[in-house]
Amino acid sequence: MNKIVGKDWLRVHSGDLLSYGGLVLCLIIFSILSKGKLWSAYNVGILIQAACVYAILAMGAVFIYSMGYMDISVGAQIGVYCILCIMITNATGSLLLGFLAILGLSLVCGLINGYVSVMLGLPSIVTSIFLNSIFGGVQMLLMEWVDTNSVGIQYDMSFLKSITAMVIAIVVIAVISIGLYKYTQLGKYTKAIGANETATKLSGVSVTKWKVFAYIFFGVCIAVGALFLTARTGSAGKGTGTGYAMDIMVALLLGGMPLSGGMRSRISSSLIGAFTYVILSNGLTLSGVDTSYVYVIKALVFLAVILITCRKKDGVLPR
Amino acid sequence: MKEILLEIKKMNKKFGPIVALKDVDLEIRRGQIHGLIGENGSGKSTITSIAAGMQQATSGEMFYLGEPWKPSSMVEAQAKGVSMILQEANTIPNCTVAENLFAGQEDHFSTLGFVNSRKMNRAADELLSRFELTHMKGRDSINTYGFEDRKLVELARAVTDETQILVVDETTTALSFEGRKILYRLMDRLAAEDKAVIFISHDLDEILEHCTILTVLRDGEIRGVIQKEEMQKEGSVSRIRQLMVGRDIGDQFYRSDYDGSHGSGVALEYRNVSNEKIKDFSLKLHEGEIVGIGGLSGCGMHEIGRMAFGLEHLDHGHVLCRGKEVLNATDAVRQGIGYISKNRDQEALILEGAISTNIVMPSLPDLRKAGFVSPAGERKLAKEQIDLLAIKCENGSQWVNTLSGGNKQKVSFAKWMAKGSDIIIMDCPTRGVDIGVKQAMYQLIYEMKKAGKAILMISEEMAELIGMADRLIIMKDFEIAKEFPRSEGLSETDIIEYMI
Amino acid sequence: MKNLKKVMALLLAGALVLGSFAGCGDSGKDTGGKDQTQDEGNTGENEGSGDAQEPAGGDEAPSAEVEKHKIGVAHYTDSGKGVEALKAYCEGISGATGCEFVFTTLSTYDEATNLTEIQNLISAGCEGIIMTADMGTTAIVKECEAAGVYLAGFLCDYLQSDMTAHEDVFGSEYFLGSVADGYLDPAPYGEQVAEAVIAGGYKNIGLITFPAFAYPKQADVIAAFQAKIDEYNETAAEADKIVTADSIELNFAPLEDTYFSEHPDLDCIFSVAAGAGMVYPVMVANNKTDIKLYTTGFEGTDDTDNFGSAGNQCYQGIMCSTPEAIAYPLCLLIDKLNGTTYGDLPQTEVIGCSPLVILSDADMEAIVNKSIYYSADYSKALITGEDIVNMCASYNPEATYAGLVDAMNHLGVDDLK
C-alpha cells in the first residue's frame, strides 16, 4: 500500500522536484566552476537585484499562465511605465504620484486584456499583441518627444535600490501571490480555466470576471516591477523592457510551469525560475565561458528543462 | 444444429500482468446472431478483435471453417470472410463515398493505372442500394455525411459476398432509430443466408430482441450461455444482469414504485421558449418530481437541457427558476440549478484535476470566509461526497482521469450534491456506466426525488426513462410530441411511434 | 517516460559541464601570434586575478615586470568581424600587458540588463571594465564607484551621458574617458564621401540616418556632406548639378521597399545608418544594386565581395574603426590600477581615433591583406602588446597622454599601407 502512495506522490510532485532540482543543479555546478565566487556577498546581492524584477513579474504572470494564456505586451508596458514614472516624478517631485500613475495605467491594461478579448471573441494573446504594438509605439514617441536617448530620474531612489527593499518587495509580493493562489478563488479558478475552461464555466464560475481579476493582479505586479526597475537603473530609454515577455516565459519554464496551465501550475515556479534564469547568466560569466558558447548553452538548458518538466498530454502551446 | 463457422478454444490474452481473457471457449454457428454481453473490461471486445485480426492472442486456438485461424491483420480477416465494424469512426475523410467503399480495391476499376471513377461510382451506387442506403451516392464526398451515415458506409464496406461472419462491436450506440433498423435487417438477412453475426452491445433489451443466442462474460471469463428459449422467459433480464455483475442485484433496478406524485412548488419553468431550433417549448418541473425527456437524438432534448442552465440563447420566452429568470450558467448555479452534461469528459469534468477540486468547484463561493477558502474545508466537503457516493479512489487528490466511467459520473453528481443544488438537469446520466453502478445511481436519483429535489432527466435510453420518470416527455423535431405519466403498463412500443 | 527524464537530467548536467570546459579550452584558437606568448585563458579561464600565469615558453617575455590585472570587456554585440578581431587582439596583447580579459555581451536596448552584466563582471573579479555602450551609464558608474572598479569607454562617444548626466559620469573619479568609434566629430567622413561622389559623377543621391534623438551626430555628417555638394553645385554646369533627396530616418528597421519607387532616379545612396544590415539587403531584394552605396560599418562579407570594382560593385564607401583603439581605455585603466598616471593627463574626455575609411580598391586591398580587423590575425596589429606597455605611464616614465592620443590618430588606412 505504501509503495502505491509513494509512486502517486512522486507522480504528482515530480514537477516540483524537477524544477527545484534544476535550480539546485545550477547552484552546484556554478559554485564549483566559479570557485565559490557565486556565493560572495557582492554576488548574492547582484543576483537578488537582477532577479527582483523578474520574480515580481513572474509571480503575477503565474495567474495568466495558469489559465493557459500568455501576455506578449509585458516588456513594452514596463518600458512605458518606467519612462512615465521618471517623467512624472521629475515633473512633480513626487515618486508616489509617478507610481500611482503607472499603477492606474496598468490596471486599465489589465481590463483591456481581460475584457476586450472576451468581448471581441479573440484569444487573449491577440489583444496582448495589439497592446504590445501600441505600447512599443508610445515608447518610441515618448523618447522622440523628450528628444534624448534616455531619461534619468532625479529622485533619490537609493532605498528602493537597496537589497533590503528588494528582498522585502519579493517577500511581500510572494506572500500575497501565494495567499491569492492557494487560498482564494482567484488561484483555483485560474488553474481550473487552464485545465478545462468549459467544465469550469459549467460549474457556475464566471470565467470572464476572474480572467479580468487575474489580469488586474498581473497589472499591479507590472507596475511594482517597473518601480523597482527604475530604481535599479535610474533611467529608461527607447529600448527599456524589450524582451521581458520572453524572459518571463523562459523563467517560468525553467521553474517548471506548464505552458498550457492547469492544475500543475505553481507560484514556486516563478521564484525558482527567476533565480535560475539569473544564476544561469551570472554563473556563465563568472565561470569565464566564452561568449559564443553562452547562447548555445542557454538554449540547451532551456530545451532540456522543457523536455523534463512538460507533460506531453497537456500540450505545450498556450492558447 | 448448424455447422460451426468459428471455434475458439481456451483462448487467453494478457496485457502485461492484466488478464483480459481466461480460457475462453466460444462457438459461432451458421445462422446465429450471437450476442456477447458484459460490462466494461469483461473481454467481449478483446475476443472479437482477436478473431477479426486486430490483435493476437497470448495462447489458445481458433478454427475457422474447420481450418486453423490466425489472421495477421483486419484486411486479411476481411478478405477471408470475417469482418468487423467498430464504435469509433473508421471512414477516410475528404474522399468520396465510392472511394471509401472500395478503398484498397481500386485495381478492380482501373485500366493502365488510372481509376475509372464513373465505373467505381456506379458500382458504389449499386452496393449502397443493396444496403438500403439510397440517400447516398458514390460520387458524394464523405464529408457531407454525418457520423451515422458514415457508419453505414463502413457497414456496406465490411459486408461483401465473401463475408461469413460479421462482428458488430457496440455500433448501435452511434446509430439513430432508422440506422439501427437498417442494421437489424442486415443482421437478419445474414442469418437467413446461413452466415453468422456476432453482436456486442450494452443494451440488454436490444440484445434480447435480436439475438438468437447470448454469451455472458465477466472479468475475462465466460459466465453463461443463454439460448433463445431462456431469453424469452420471465426474469431473464435480471438473471443475465446477475451473470454480468457477479452478484444478485435484486429485482429492483429502476424504481419499484409507480407513484408519480410530487411537490406542488414549481422549481423550474420553461415558458414558451424558442430559438432557431426549438419551437415554443413549455414545461413545468415541480419539486420532488422526475421529468424524463426522450426522443431520437437530434430531436432537441439536449438543447432543452442546456437552455435551463442558461447556455443557449433564447429568441422568445423565458426559463424561470422559482419565478426568476435564469440569465447564464453562473446565475443558474447561484439559483440552485445543477447541470450534468452528456459530454462528460469535455464539459462536466476537469479530467486533469483532483477529484476534490472537481467536487468543490461550484461550492467555492459558499466556502468563503472573509474572502479566503480553507483547503481543509474543501477537503472535508469533498470527502463527505466521496464517502456518500462510494467513489472508488485512493483519496481526494487523485486525478479524475484515473477513474473508471462510473466513478467519473459519480464525481459529476457529487458536484451538485455538495453544492446542495435542488434542481438537477442530467443529460445521459448513465451512459457508459457499468450495471452495478447504474443501479446505485438510480437509487440515488430516487432518493433525491424523495428529498424534494426537482430532476430533469434527458436520456437516449428508453428503458431508463420509463423506469425512472414521473412524467415522460417525448420530443420530436424540436417540439413536444407526447407526454406520458408514470404507469406500470408503459412500454417502449407505446412510446416509439411518437418518436419517429 | 521516467527513464527518459533521468537521461535528460543527466544530459543537462553534462551540457553545462562540457560548455564551461569548452570555454576554458580557448588556446586552440591560436591566431598565429609569432611574437607573442600565449597563455591559456584570457577569454576562457577562471583563475583569480592574483594567480601567477606562466608564459607558455614563447619568444617574448614581458619587458618590464608588468602587474597582473583582470579587465572586463562588455561589448554590445557578440558576433561579426569586429568582435572576432577584438578578441584576437586582446588574446594577443594579454601576455605582454599582463591583462586577463573577460568578455560579456551587453544588450542594445535594456539598461537593467547592462547593469547586470557589469555587475557580473565585477563579481567575476574584474578590476577595470571597458564598455562599448552608453545605456544606464549613471547607475553603472555608481556601481563601479561602490565596488572600487574603474570604467572606461570604447567604440562609444558617451554623448548621451555627456549631455544629460555629465556630473554623474564624467565627474566621477572612476570613469576614465572613452575613445569613439572613429572620428569624434564624424563630419569629415561626410566631406570625404562628398568628394568621392563628385569624383564618381553621381548625380542623384539618397540620404539615410538613424533617428536624431538617438544619434544626433549623424545629422552633422549629412550636413557636412551637403555643404560640400552645395559648394560643388555653385560652380557646376546645370547638367552636372548633383541632386540630393531629403534625408530620411530609419527607425532601427531596414529600409522600406517603397523608398526605391519614391526615388526612381537614384544612382547613389549615402547611409550614415548601418548600411550593410539595413540598406544593402533591401537593395538586393529590389534588384537595385546598380545604385552605389556609401555607408558606415564593415562586416567583411558582402561588402568586401561587392566593393569598388568587385562583384556587383555596389559598395563604394565604408568606414569603421579598428580594434587597436582599445589601447586608449586600456592604458588609462592600467595606469589607474597601478597608481601612476600621465603627467599631462587632462580632465576626463572622449577622444576620437582615425577610422578605416575605405573609398577605393587599393584601400580595400590594404584592409583585406594588412588589417587585424579583417583577418583577426594578431600579427597584423598596428599596436602590439609591448607598444601598449610602452605607452603606459606606470611602465614607461617617458610616456605621455599626447603620445597616446597621437597613436590613436594613426590607425587609418594610410597607416596600414
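As written, the chains take the letters A, B and C, and residue 1 is the first residue of each chain.
Note that in this section a residue touches a chain if its C-beta (ideal position, glycine included) is under 8 Å from a C-beta of that chain, and two chains touch if they have at least 3 such contacts.
The structure displayed is predicted, hence computed values, not measured ones.
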| item | value |
| --- | --- |
| Chain ID, smallest distance between chain and overall C-alpha centroids | A |
| Chain of greatest Cα-centre distance to subunit C | B |
| Top chain pair, ranked by how many C-beta pairs fall in contact | A-C |
| Distance between the centres, which are taken as Cα means, of subunit C and subunit A, whole angstrom | 34 |
| Separation of mean Cα positions, subunit B and subunit A [Å, integer] | 47 |
| Rounded Å distance between subunit B and subunit C, as computed from the means of their C-alpha atoms | 74 |
| Residues of subunit A touching subunit C in the complex | 14, 18, 21-22, 25-26, 29, 33-35, 37, 40, 42-43, 46, 49-50, 53, 140, 143-144, 146-150, 152, 229, 232-244, 278, 281-282, 284-297, 300-301, 304-305, 307-308 |
| Subunit A contact footprint on subunit C (complex, rising order) | 5, 8-9, 11-13, 15-17, 19-20, 22-24, 26, 41, 43-46, 48, 75, 78-79, 102-105, 107-112, 115-117, 119-125, 134-136, 138-139, 147, 160, 163-165, 211-214, 251 |
| Footprint of subunit A on subunit B - complex, ascending | 309, 311, 329-330, 332-334, 339, 341, 346-354, 357-358, 361-362, 364-365, 368, 371-375, 394, 397-399, 415 |
| Contact footprint of subunit B on subunit A as seen in their complex | 4-5, 8, 12, 179, 182-185, 188-189, 191-192, 195-196, 198-206, 262-264, 313-314 |
